[in-house]
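Structure record follows, encoded as structure tokens.
Labels run A, B, C, D, E, F, G and H following the written order; every chain starts at residue 1.
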Amino acid sequence: MNSNIKEVLKALEEGKIKAEEALERLKIEPFEDIGYAKLDLHRRVRQGSAEVIYGEGKTAEQIIGIVDAMVRKQQEPILVTRLDEKKAEALAEHHKIDYSKEARLAVVGKKPEPDGIGRIVIATGGTSDIPVAEEAAITAETLGNEVVRLYDVGVAGIHRLLANKEYIMNASVIITVAGMEGALASVVGGLADCPIIAVPTSVGYGASFGGLSALLSMLNSCASGVACVNIDNGFGAGYMASRINHMEAKK
Amino acid sequence: MNSNIKEVLKALEEGKIKAEEALERLKIEPFEDIGYAKLDLHRRVRQGSAEVIYGEGKTAEQIIGIVDAMVRKQQEPILVTRLDEKKAEALAEHHKIDYSKEARLAVVGKKPEPDGIGRIVIATGGTSDIPVAEEAAITAETLGNEVVRLYDVGVAGIHRLLANKEYIMNASVIITVAGMEGALASVVGGLADCPIIAVPTSVGYGASFGGLSALLSMLNSCASGVACVNIDNGFGAGYMASRINHMEAKK
Amino acid sequence: MNSNIKEVLKALEEGKIKAEEALERLKIEPFEDIGYAKLDLHRRVRQGSAEVIYGEGKTAEQIIGIVDAMVRKQQEPILVTRLDEKKAEALAEHHKIDYSKEARLAVVGKKPEPDGIGRIVIATGGTSDIPVAEEAAITAETLGNEVVRLYDVGVAGIHRLLANKEYIMNASVIITVAGMEGALASVVGGLADCPIIAVPTSVGYGASFGGLSALLSMLNSCASGVACVNIDNGFGAGYMASRINHMEAKK
Amino acid sequence: MNSNIKEVLKALEEGKIKAEEALERLKIEPFEDIGYAKLDLHRRVRQGSAEVIYGEGKTAEQIIGIVDAMVRKQQEPILVTRLDEKKAEALAEHHKIDYSKEARLAVVGKKPEPDGIGRIVIATGGTSDIPVAEEAAITAETLGNEVVRLYDVGVAGIHRLLANKEYIMNASVIITVAGMEGALASVVGGLADCPIIAVPTSVGYGASFGGLSALLSMLNSCASGVACVNIDNGFGAGYMASRINHMEAKK
Amino acid sequence: MNSNIKEVLKALEEGKIKAEEALERLKIEPFEDIGYAKLDLHRRVRQGSAEVIYGEGKTAEQIIGIVDAMVRKQQEPILVTRLDEKKAEALAEHHKIDYSKEARLAVVGKKPEPDGIGRIVIATGGTSDIPVAEEAAITAETLGNEVVRLYDVGVAGIHRLLANKEYIMNASVIITVAGMEGALASVVGGLADCPIIAVPTSVGYGASFGGLSALLSMLNSCASGVACVNIDNGFGAGYMASRINHMEAKK
Amino acid sequence: MNSNIKEVLKALEEGKIKAEEALERLKIEPFEDIGYAKLDLHRRVRQGSAEVIYGEGKTAEQIIGIVDAMVRKQQEPILVTRLDEKKAEALAEHHKIDYSKEARLAVVGKKPEPDGIGRIVIATGGTSDIPVAEEAAITAETLGNEVVRLYDVGVAGIHRLLANKEYIMNASVIITVAGMEGALASVVGGLADCPIIAVPTSVGYGASFGGLSALLSMLNSCASGVACVNIDNGFGAGYMASRINHMEAKK
Amino acid sequence: MNSNIKEVLKALEEGKIKAEEALERLKIEPFEDIGYAKLDLHRRVRQGSAEVIYGEGKTAEQIIGIVDAMVRKQQEPILVTRLDEKKAEALAEHHKIDYSKEARLAVVGKKPEPDGIGRIVIATGGTSDIPVAEEAAITAETLGNEVVRLYDVGVAGIHRLLANKEYIMNASVIITVAGMEGALASVVGGLADCPIIAVPTSVGYGASFGGLSALLSMLNSCASGVACVNIDNGFGAGYMASRINHMEAKK
Amino acid sequence: MNSNIKEVLKALEEGKIKAEEALERLKIEPFEDIGYAKLDLHRRVRQGSAEVIYGEGKTAEQIIGIVDAMVRKQQEPILVTRLDEKKAEALAEHHKIDYSKEARLAVVGKKPEPDGIGRIVIATGGTSDIPVAEEAAITAETLGNEVVRLYDVGVAGIHRLLANKEYIMNASVIITVAGMEGALASVVGGLADCPIIAVPTSVGYGASFGGLSALLSMLNSCASGVACVNIDNGFGAGYMASRINHMEAKK
């Protein structure tokens, strides 16, 4: 941003603009106000990724309005997360979307070609964790990553995991998705040498307390190189993994 | 107990005793009252194991008093758990004890020969879990079991556990002792085909919340054949394992 | 497994197979991949029991698909737990099942003759705990155990429990199922001399906090020889009890 | 209080006092202000019992000052609870006290003769619960009650409790004091037909979470006629039991 | 019960009965088994009150069956708690009931004349607490108590409570019913000199955490003479209050 | 109130009234009893604001009844909070209301002109927090305040907040409404020099635990000058802000 | 701040400064960096109050260093909170301080004359809450407020509070400080018509859970016009109250 | 590992070794057993980093023993975490160490030259968070990273953070270390476009509940690209950041 400021100040110094205009330009808001939401249209530039709309708690009308504004500014691809089927249908009437009912996630626009450093492996403990894993997977793909899915490789049958050791060893980033006791993160953490994002899920009952059990497990992982996102936050894991997979040197 | 009642009633029917005496005998208390504790001297018979004294919250004098009364009734071997070093020294002045400072556990009298069905394997996730594991191990030995110790085989280095797979496969009962994320129980549970007693420990910090993390993990284990005892309850695990290892048919 | 490895290596040594084939055979996956779930078909051999399908979070189609694959491999009897009525009906159209609406549990195939060491007694504190108890009971029966049901013998009317003392004394394993304050485990634990599996239930309201109260009670049981499974986990208790009741010596 | 107001108004009506004096008398504070504490000297009259000083968080000087003021107003007997040994010694230099180190409780002045309806029975689960039980017992005695102590009758050895059934059946009020799983309240609740005050204690470790386990158990007691006080609140239980034991008809 | 045993033994001593019959009579079960519930028909005698059926988690059929059995044994009045409207209608087709939709409570048979020591005052903090208060009130009335209702006298308008001070001062037992911050118990506790039963309710939102806030408040009440029952447990409070209000001397 | 007492006493002293009448006048209840609720009609005078009806847990009939009584006493404007659409329609048939479906809040009567010291700024972290913010805004407006709404200025896009810094700097009171991690309160707290009321919302999922996360954040705010109300308590925040904005000197 | 920017830009436009210098001046950091802490020296101007140093977790040396820097910039008076006796002594060797051991708080420099709108009343439930109250009181005094202390007026003796009603009615802001059940906030909230800041304290034991009980109570207060700060946060309450008491209109 | 297996099998195929030897070599344990700990000496190879010793719960002797064994195998540099001063001194007598008392961390051997992709920026909210930050910083440095420290830039003074925006914008990985409300992660998350590791600390009091508040905040961060490690786990954050900073493509 400093470079922008410099340019403005330079223009002012050189008499090309007036102090007042300089002030205005320095204050210029990098977002568009559409009433119920402030669109952050510069975000892609600043943060290098697509805009994301958190669908829960927004009406179909609000979502469509936000997507409209983004499309006008060519912000595609756009991810709409936590989008139930009904709202997805409403959205589909206005925009061409790629909707995953399982992941409750819509993509507006085309997914880009993978351009990350390597592959993101997404492993789940059981079949019930798949919706959260899919949210992570589609998010990562939409952000330009190649994704490998390893589903139902929970630790209670450790040989299922070991049989896929090659994928684990060759991953650039791994996302482990597991509910109940969430041990998958630790076991994978012991096998892999890449960064691991752990996603606890609310799969389970009784003393799983809505995912608390898996969350605590993952936070306490005895393996190093593991970090956690919120319960059921597949999107957050996919996003974080993509950032890691797009690491590059800066000045 | 019914047989005792029958005998008393029979004696009454046959006029050998009076109703009053019968009443007294029916009411006879199977424990000795030494003021601050009721000793349950029939317990060995009823439950087939040594008496155990929970040392925490009792003074050295009280512990010695209880041991005295038990020794008089030949209740050895006696386990004194949660016994700090100072009280152990005081006890050692009155009775010959075998004291483990690590496990904070004293045994009065000789450990019996192993007479269980098979071997009890005790595995820990890390070296910090060893004190709890030793409490379990010595308890099991004192109750007549052969014990195999597999320490520091946590899941973050799964190959350390797999290298000992043979012990796991041939165990009759396994006790898994782990703090932090407590994943050991699930992984062992997936490998073994015998009953597994899981002991969460308070090893860890931050979001381990004094063992809560490991406890929830173990309760939510995705492996079948796993049951849990209280946090740091090595004694309870050893006792339970011994009962399982001494299973026999009843009428 | 080592014996298998030996055979493969022997064959290689003897020139019967090539290194490449040996590698393949050593890597051979002991499970079948049907897309949404990896069936662990060797599990029965390794762990000596039927395969179990956790019905919650799986669609009827997925369940039927898994059962189909198992039946093809003669994996019966198969337990399907947490199966609601509607899915049970769908399953029944493809396979002959024995469904308990109360326990939300279906058995595919015939229950075996009891071949355990002794009897498993299942006691509940109240009538509301019966569904969880039935899940345990049918699980145990399907795994080859004789089961005795003692329902509604909660501690608030201790004479109801004492009147059944004979069953308690002659059990090989006892499963205590109770919600609210979960005291049943401790009282039974004081009477019995066999291993006790405690199942807290979510029966109750207010400060029972969905079974937390009973769970903590059971974990803190002052009686020895008690271990816990997850809240409402009747299946886990039945499975664990069966393992204990099928204990046998190993090399 | 209304009668007092009436008297004042009557005196005013009859011209015996002035409005101003009436106002003063109506406003008169029924407590003495000694700077750091407002002594409620009318409390005995209003509530029919001795004043109680909560010793924790007060300096020895403050406690002595409060006792001084009370003694000047003849407020004996005075209970000083949660009083550590050192402060007790300091207090003993100024007033004749009866101090229980175990219960951390001092009584200033003489305990009255019992004048309650019946006997208060105080039962504990173990020997470690005795300090809390003694706090309850001495409190009740100081408030004019006959107390029967039944210590170490926990439910894990139910016969110990049943052997004392007669005391239970003949109690007017029962106080059950137990840590760990706190099941004593429910079992006693099923045997007795009098009001039961349950006191959870912080005795235990791990998942007892400082008494939470026993507290939840007692709140969820399946027995009717049980009410709870705070963890380790022996005083509160003794006070409540005394109130119940001194019930009488009012207009 | 000892007197019964004596009679049996006496009869045996005098040859009136045989040992076998004596045994049978000593073992006689004081409850009737109707399959899904063990009716405790001697309870009224032992505990001096009506039988109570906890309606939640029982089918209408089960409830009707239990009531039938009780009515046959003349156990009226019978309280059926936590009974929803639909089950109440089903029950009403078989028995004449007095049903309170608000309190979700049915009474089978006639309420007795009040025969307690004094009056039970039931105070609520707000209007939303009335259902729980009514459960307490009807329970107490059915058990033979005169009840005074003081509703909506919460502490945020302390003058509303003070205006009813006379009722508070003349109560024999007070039940305070409050959600949210549950301060009512402490304030009433400071005014009254009789035993107070505090009932936290789940009224509130956010940080009331389903009644936890009110529960903790009441357990920590700075007023003496207060004891607590479970959240929303109006029945338990009414039952406990009735026991207190029927206190009498025993031998 | 003392002045009232003085007047009454004066009248009594001067013989204008009798002692009995004086007593009655001193006891006069400042609320009207309409059966299910005690209306506190003097409250406006005492506390300087409109009466508020908490709509949750009250039937439409009860709400209409309370509003009727208030309108008769000219208590408008009246706020009815937590009022669902159906009850609002019922109320609208009896009284002219201004209803916000989003805020679930009805205003009976006209909102007054703003007469506070300055402006109340209400900021939300996201669009999902708007309903709670609106509850605060309409409450504050109804109580005579000018309100500035700054919605969707969460800290993840700090420039959106900074762009509105002028509003922040010139506010008299700020209400920050945020769910999830609730960081808005701290950031605003660091920018502003006026009192800040923080409202955590239940917006979020997983480890937000129904607003607990935001609540703890706000309570732990590292910024000074921040105080908290209950989760989702928009009304409470608006009310508190209004009180602050109407501060004035007292004698 | 905009005005500053304008001035800089103006100077640049007029050629008085260069673009580079303008940039520097726009970037100028309003705090001094002394290595371990960034002193915010403009804060007084921006936020209208003294700088505050949180003493916990800082060494005596660090605190002295920070005070030195502030004194050099004439930032007095300076509050140092959570300062233990030993560090206070060290600080006193370098600066003249006014230290309250009870409140663990030092003031460097002179307290200003009160210049707020009215009086701040600080009320505590018991004597053990006084340290937290004193922290609030001295903070408020140092920030230019007149403070009235009402200590030990807890709700269990409601007449003690009512006797001080006049202070309550005439306060501009009230701070209620209470542990245990924290009911004081609600009762005062019902009496007063000014903003109330509630401070829960960690006074209590057992189910007070370190102040959680009081905190939840205060958050759930049924009285309007109450907002909460963190447990034991006397400073925060005093600071917030001062801000409210110094409210003034802005443009 | 597969390549190793292949080599062994090849050797066997070619008759260079016998089946038995092949078996032995396939089973060879990649760790050294020194009694109390299994050293994982191949870990560096497998996971590309130094070995780490968790010092807590290990005796000085054990730590020295482990370091000895590692040094013999040239495993330097070795990190010893959670090492108190006393043990550090003992260790220093045997090995040359670089010890940070603040971070409780010793490095045995020389730190390598930075060889990561870019810079790791470590930001703390306050000065009390510095010990945890230092643990992260030294860990990262020891693993070959350049570290930039931005301490005391908490969100309550947002300008302090914004003044360092350039560092934030140019970081490759950012570690945010904050206690109390932990908002730093979200604000930094909104500014940066690189992966962010959030470390909650136990700094705070009252409702910070030992770091729970900051932990929940960070898990619920509204900013994307943030993942969490355990409370106070500076090591874990440094390790994870290093892995990310050493990302490289794999086959």
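We take it that a contact is a pair of C-beta atoms (placed from the backbone, for glycine too) under 8 Å apart; a residue touches a chain by one contact, two chains touch by 3 or more.
Source: prediction; values computed, not measured.
Counting hops only between chains that touch, subunit B reaches subunit G in a minimum of 2. Chains making contact with subunit F as well as with subunit H: A, G. By residue number, the contact pairs of F-H overlap by more than half with those of exactly one pair in E-G, A-H or D-E, and this pair is E-G.
Just to note, of A-G and A-F, the chains joined by more C-beta pairs in contact are A-F. Rounded to whole angstrom units, the spacing between the C-alpha centres of subunit D and subunit H is 54. Per-chain CA centroids place subunit A at a distance of 49 Å from subunit B.
Rounded to a whole number, the gap between the C-alpha centres of subunit D and subunit G is 38 angstrom. Within subunit E, residues 2, 126, 157, 206-208, 212, 215, 219-220, 224, 230-231 each touch two or more of the remaining chains. The list of touching chain pairs reads A-B, A-C, A-F, A-G, A-H, B-C, B-D, B-E, B-H, C-D, C-E, C-H, D-E, D-F, D-G, E-F, E-G, F-G, F-H, G-H.
Residue ranges on subunit F touching subunit H, taken from their complex, read 125-126, 154-158, 162, 180-183, 185-187, 189-191, 204, 206-209, 212-214, 216-224.
Listing the residues of subunit D that touch subunit B in their complex gives 126-128, 130, 151-153, 157, 159-160, 163, 203, 205-208.
Interface residues of subunit C, counted against subunit B in their complex, comprise 1-2, 46-49, 52, 117-119, 165-166, 170-172, 192-195, 197, 215, 219-220, 224-231, 235-237, 239-240, 243-245, 247-251.
Of all the residues in subunit H, the ones that touch subunit B in their complex are 27, 29-31, 36-38, 40, 43, 54, 56-58, 62, 200, 202, 210-212, 215, 230-233. By the touch criterion stated above, subunit E contacts subunit B in their complex at residues 2, 5-6, 9-10, 12-13, 15, 18-19, 22-23, 26.
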